[in-house]
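Residue numbering begins at 1 within each chain, and the chains themselves are lettered A, B, C, D, E and F in the order written.
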Amino acid sequence: MNKRVISLGEIMMRLSTPGYERFISADSYNVVFGGAEANVAISLANWGVSAAHVTAFPNHDIGKSAVQYLRFAGLDTSHVYFDEGRMGLYFVENGAMQRSSKIIYDRFDSVFANFDPSKVDWKKIFEGADWFHWTGITPAISASAAKLCQDAVKAAKAQGVKISGDINYRRNLWQYGKQPLDIMPDLIAQTDLIIAGLTDFENCMDIHEEDYVTACKKAQEKCPSIKYVSTTYRESISASHNKLCGVLWNGEELLESKTYDMTHIVDRVGGGDAYMAGLIYGLLGSGDQEALEFAVAASVLKHSIPGDANFVSVDEVSQLVKGENIGKLLR
Amino acid sequence: MNKRVISLGEIMMRLSTPGYERFISADSYNVVFGGAEANVAISLANWGVSAAHVTAFPNHDIGKSAVQYLRFAGLDTSHVYFDEGRMGLYFVENGAMQRSSKIIYDRFDSVFANFDPSKVDWKKIFEGADWFHWTGITPAISASAAKLCQDAVKAAKAQGVKISGDINYRRNLWQYGKQPLDIMPDLIAQTDLIIAGLTDFENCMDIHEEDYVTACKKAQEKCPSIKYVSTTYRESISASHNKLCGVLWNGEELLESKTYDMTHIVDRVGGGDAYMAGLIYGLLGSGDQEALEFAVAASVLKHSIPGDANFVSVDEVSQLVKGENIGKLLR
Amino acid sequence: MNKRVISLGEIMMRLSTPGYERFISADSYNVVFGGAEANVAISLANWGVSAAHVTAFPNHDIGKSAVQYLRFAGLDTSHVYFDEGRMGLYFVENGAMQRSSKIIYDRFDSVFANFDPSKVDWKKIFEGADWFHWTGITPAISASAAKLCQDAVKAAKAQGVKISGDINYRRNLWQYGKQPLDIMPDLIAQTDLIIAGLTDFENCMDIHEEDYVTACKKAQEKCPSIKYVSTTYRESISASHNKLCGVLWNGEELLESKTYDMTHIVDRVGGGDAYMAGLIYGLLGSGDQEALEFAVAASVLKHSIPGDANFVSVDEVSQLVKGENIGKLLR
Amino acid sequence: MNKRVISLGEIMMRLSTPGYERFISADSYNVVFGGAEANVAISLANWGVSAAHVTAFPNHDIGKSAVQYLRFAGLDTSHVYFDEGRMGLYFVENGAMQRSSKIIYDRFDSVFANFDPSKVDWKKIFEGADWFHWTGITPAISASAAKLCQDAVKAAKAQGVKISGDINYRRNLWQYGKQPLDIMPDLIAQTDLIIAGLTDFENCMDIHEEDYVTACKKAQEKCPSIKYVSTTYRESISASHNKLCGVLWNGEELLESKTYDMTHIVDRVGGGDAYMAGLIYGLLGSGDQEALEFAVAASVLKHSIPGDANFVSVDEVSQLVKGENIGKLLR
Amino acid sequence: MNKRVISLGEIMMRLSTPGYERFISADSYNVVFGGAEANVAISLANWGVSAAHVTAFPNHDIGKSAVQYLRFAGLDTSHVYFDEGRMGLYFVENGAMQRSSKIIYDRFDSVFANFDPSKVDWKKIFEGADWFHWTGITPAISASAAKLCQDAVKAAKAQGVKISGDINYRRNLWQYGKQPLDIMPDLIAQTDLIIAGLTDFENCMDIHEEDYVTACKKAQEKCPSIKYVSTTYRESISASHNKLCGVLWNGEELLESKTYDMTHIVDRVGGGDAYMAGLIYGLLGSGDQEALEFAVAASVLKHSIPGDANFVSVDEVSQLVKGENIGKLLR
Amino acid sequence: MNKRVISLGEIMMRLSTPGYERFISADSYNVVFGGAEANVAISLANWGVSAAHVTAFPNHDIGKSAVQYLRFAGLDTSHVYFDEGRMGLYFVENGAMQRSSKIIYDRFDSVFANFDPSKVDWKKIFEGADWFHWTGITPAISASAAKLCQDAVKAAKAQGVKISGDINYRRNLWQYGKQPLDIMPDLIAQTDLIIAGLTDFENCMDIHEEDYVTACKKAQEKCPSIKYVSTTYRESISASHNKLCGVLWNGEELLESKTYDMTHIVDRVGGGDAYMAGLIYGLLGSGDQEALEFAVAASVLKHSIPGDANFVSVDEVSQLVKGENIGKLLR
């Protein structure tokens, strides 16, 4: 697809215990790199979209490894910055059956959190871009990260680039003195497509509703630039078995996707990012319902793949949407 | 929990084929150490109980590794003995689908089996202890191991320590000349809580009943010190999918637990020991029904963890009992 | 079982990504060797049948490794040939949930494909043999491989050896100038037991029917030597969950097997070969329905084992047929 | 370094036995991708040079993995082509002590070997390029690969791009009808820097001399465009212990490098390519002796790294040249 | 040995690339826990000394894993504290041949660095203790860590506990406002045995000498409590091959140890800590020269073992001192 | 080579810690099967000799795995017996540098040790055999194993089969009541080629000499059937670096081999068995000095290969004897 997408966000080293080992008994960790926004960009790159990710890494060998990982995953890394400091990390323990999966974050005081926003020439970055993606994680990390996100959104808007934001409210972040309502409403107000659940609406838009469509409408009233609001519904029967569907409010109606039964989950981290990527891909090229179905199917496939990144092809997603070649042995 | 538990029993090196490899094609084995009684103690130590395990190991580097494993798992190892000889072993092949799991034991003539019971000063060991746990495996191993168990039970009783016994009848053992009925009734007669199914009642107490409650009552008639009798019911739909519940007879009524659907079993070895530990923990601190529910939930979680030991927290078990945070992604 | 079976066919190195890794992110492959016909022979050898496989390997260290693998798996390798050239390969990516499994073949121009059929003394090979097994893959590989298969079938027939053929039509093969209908009918006409589905009938026998029994009857009309026709029906709920049953037409009626629910598939490659082996084993020693049930149960167990080869015992298959010891923990 | 280098050549999947396992006992292979020319380009990319590699891959998932590997390693992959066909492979068994390392190639009939040279627009590729690198492997593979190399060299020459060629005569290749002397002299005649030993001179330039300087002079007489000739001398005390030095003839004198004692070799594959890359890097930016020393030191470090690619920094090479920080623990 | 040793210091998670992989290509890390002071205590515990380590960990599952590791390694963990915060980490890349090993630290702002020194009841900790060990790393981490170390040293001195300090000056630390000379002299003045090289003397004691004995004498003049000064000399022929010896100044003369040729180094991290432990062990029980030889031999053996901890026995060290059983196959 | 060799002896499961991990920290073991006599037979099978090994295994899945391993390694397993009981085991920890390698045996009371010698029809086994090989381990295991060895030697002698015996005195064995001098002299008296060092002469032949040739002569005086006596000399500089040579006394003179420097030992277990196999191979086909050189070179190569078995070819050994292709990269 001949489009260009820019994403912004922190990338962390992900250290996962092998198989179903708990933290307590693991003596090795598998290593990949991931972040909510880069995961979206990697999906899109994988689907033929030109995708550049803006971030900052430590200027040591592990920072370089992270850049190599992004290149491996197909991203344009010409807007990656390096500085003194540490890399954010997170540790993952994969659940099974009734036992939950666990994430321990170790991301404070990272190079990205301390990155000076004035170093980024957003105008240049957005040249030729069609879409910009951010999440509510970035403004939650630090004052400078919030500024970085504000600069980016403002520049994208100014250059006519479409904007998506995954609100993704995380209570454990927001420790630098600001509250979500200090920052998020203004960012959301410039955004075309948001992913938000009722909790996100409450915490980041001060919208307290129990009905999703009502909440979407109120959001659009507050922020007329919002064209789409979406979220997924996940039923957790166990760590190994979830059901998943998505809804997309397009200003007129609430579209609903098929519901998928995910009976043998391999790795659910990144499932939401795969959905976001699917929505962007769909909305860049097809109708609303098609975009929604593509997004959910992409997310479902992510659950079958170890790691954060959704290494599936457009064909694989499309076939799942159409119910073709499901779980076959393809020769 | 400010309690002290003592357990007695052999610990074996467990050698498991990786993943779903069969013995025939495995060229490496994963190594942990386990034993029915120590598995119980490890659960309890993990839940904050002071737990010491009494056993004997070979005085070579692998025996030392076994002690280190016990310390790693939280046990007080000050009553571990060392002697010339071999370590008991068992080999595990993990089943899948309709294919059963398999255990090959190689435990005869071990240091524990040959251990001289007179070396143990039970009086000292039970100072400050609240509970003693044994299983029917120990008296089945050898004459000296039977004597060791008899000494322990007698000393515990004398010092007012509560006693639990998992009858756990194993036909393949009992090869040293004695039959279960020669030894077990006397041990059971001094025990407060027993885990026993109908087969155990038959073989170890000469009680031949088809109704569980009737069997429990007969057991109590024979051995008035018995306060609780319990067992689990497991439905094996496949090696990967079992259902599990437990019952607890408290002298008055037969309490039943919730039934859990375990749809993606990781490792079922040690599931019974996790249940036993849960019962002890529960009975040390709460009511009968709570103890039973705690025990079954603990056992369910064990099935999601590789190895013999049930590395779960009290919180994790309690949440499962309450139906909270089941199979979620906890950040 | 005091029988001797001869099989003919190419054996490839199988390179599989570990766990659920996709090709794109695997940095190691697990290695075994397999081929549709040898997989059948290995099952039979495993069940006590004397089984020799006829094939050709490169005369380098990897070719030697392949022979060692066959010996490891129990085959008589005295009719394995060596020559200059390459080994056929195939790469396997294991699917999960809705994501399909994938095979990438790299088998053209192999030593087997180029092997000179005149080097094989079939008369000697079939001395004392009771059964010969071939598949439709061999004549699809190359002109010389087709000739090899034709020689073998003719010699077996001449020496009164029973013959089975798994039609196994593969569109991607047949690239050497001949079409299936040029070669297959004559081979099938000399065969006693064929495995064929409706697509196989169409492409290899020019029988276009929608009803399986009608197709079987037409096949027998064309080729009176056919005594049995069989196939399996597989419902793919997902890559992790299939249902499987088999049917066997014995010239009089269509026998149907139990249907098995395979809910946690480990590796489905080789499932059809395990079925074929089960049929041969059953028909060599018991009645038709027993043979069919044995075949399906053998195939089900294969799905629980990594690799191509079905390392299960006759006891394990028989117990599954009888519904005994399903998914237990056998000590 | 603000330079742009273009390389051309086949890239193969490299499958290596783990540790010191022989082919015969390995049941997994480690996977990377490599090729003599791409290895050079990867070194240069790693050192800050803009490096694009021209090659062709199969258009399946493993071909895509290969491209991802190149991107991971820092190469510009915008001139990689895809086509139907197979990927070349090679298998590596790592020697130790007196036991030699072994490579088994399986590269015939690959997509690269069959690639249509007319698809490449060399003129565009060489825009802005400073250097082009080829090896004698490419013209040895197939007629079309030879044509591809001839086109590239001619275009580079025409556009004033400096050219290096690693003669690298391989007797096992050259199976498509042409002999080295049919093709190589013309390619060499357009090249500025060649790596050649006495055997290469004999087979590819028809120069039969025993003295290296005399051979270099004759080569320059035949091909006046040659400005530099270089080779390495390796003393193999064992597979684990080699000595290495290099010589560079610059038209005037034969410069000699330091000799390094490599006492604990990890992986010697790619050692020559690391040397070639070092020479190019050095000659692009510094004097002859400096270039030579840089090249040998780069090659030495390669021997300490698993895989084909020489992931070392300019600093690490420069420090080794200066004798600083050798084998330290850097914090 | 019937002695009790207390150590104080931060423990970090150590993440090492497998084999000789560089950071850039590792996709898993091996995990152990280590710290300069705990490494000393682990050696001593391993040799039969009662050893307790004082430190602080995050109160999450990885903090708990660290405690379990200490227990596994034989330490008394009753003085380990838990708090909110992060765990310090360090990443290790193992060098080979001329390529150096590399450590990347990520330890700032850890639970230990922020730990409130007033929480520790040193008086109680030192009851029954014979020795206290600290290093110059602790006062370099943070003001609170420096205070913790000062409190400990003062309390040990007050209770008549012998004190050792490994000066271990690290330029990259000391970032909280204080300089080594602000803190270290007072700590050293209360210490009986110090490990210090000339650089340590300069930076931490303001002693600028080129002769080691002169420096030792000056140190003792400044700090009369110093009874022993020691250091090791390491010649790095390559990352795989070092020579090692130690010297011990006992106030009267400079004792020198044998020099060992370490030709196939497995892991040199922790080599200095093994030496320190050997000195303490030796000085607790034998003469000065014996202690020195024991220390160097212990350090040599550490280089043959992966990880930070020196899991060797007193017998193994003693035999190396005596030149017995070196590199044999012991059955 | 068109010869047939029979060997007799116990085969154990070998469990080795990975890499340089000590027992204390290994959490997996690599698994192969080995035994002194079978190791000899495997070498010979690998070199084209028809080799059958006589042994007994437990009749469970691990016993079956052992047979499969022998078939994989090329042995004729038609004289392998199965019985109830356990498999002998041994644990290996690989040394490095000055740290010794360690073996912990766990072989008592195995199926082989308890095997009834009357079950073996030696007459039939020796039909067509050229050579029989035994070691001093078998008569040291148990009375029945001694009887088995006595029967075998007697039958071989009676049928004119050449006999070799590796005296291999092990103090830790011989625990069943007999002493070596009760059994060994008679076995040796029927043997043509023995491997024996001075300690073996003392313990098994009551020959107390300090000069090797004198001891050989005395041995031949006592046992005139002895035609050859041989031993190796190993200098252990470290676990990683040994020197090795061999001597062969042929009744006339003491031949000496080249001495090899083995500087990077991978695995020395089985080195002596590789030597024995080399001697047998050489003496079956060439002159004495050639046999000796072949034997030492074979043993040297074994040290470069993980596991007990010496998977090297005749060509590889011969090239090492001739000093060709040592430590090269063979393409």
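What we mean here is this: contacts are C-beta pairs under 8 Å (C-beta built on N, C-alpha and C of every residue); 3 or more make two chains touch, one makes a residue touch a chain.
Computed from a predicted structure; not experimentally measured.
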Each chain counted as touching chain E and chain F at once: B, D
Furthest chain, CA centroid comparison against chain A: F
Farthest chain (mean CA position) relative to chain E: C
For chain B paired with chain D, centre-to-centre distance based on mean C-alpha positions, whole Å: 62
Gap in Å, rounded to a whole number, between the CA centres of chain F and chain B: 44
Interface hub residues of chain F, defined as touching at least two other chains: 19, 22, 24, 27, 68, 102, 264
Interchain contacts (touch definition) - all pairs: A-B, A-C, A-D, A-E, B-C, B-E, B-F, C-D, C-F, D-E, D-F, E-F
Contact footprint of chain A on chain E as seen in their complex: 15, 18, 22-24, 26-32, 60-62, 64-65, 68, 86-87, 89, 91, 93, 102, 104, 106, 108-109
Residues of chain D that touch chain A when the two form their complex: 68-69, 71-74
Residues of chain D touching chain E in the complex: 19, 260, 262-266, 300-301, 303-307, 309, 311-312, 316, 320, 325-331
In the complex with chain D, residue positions of chain E that touch it: 19-22, 24-25, 95-103, 105, 170, 172, 236-242, 264, 268-269
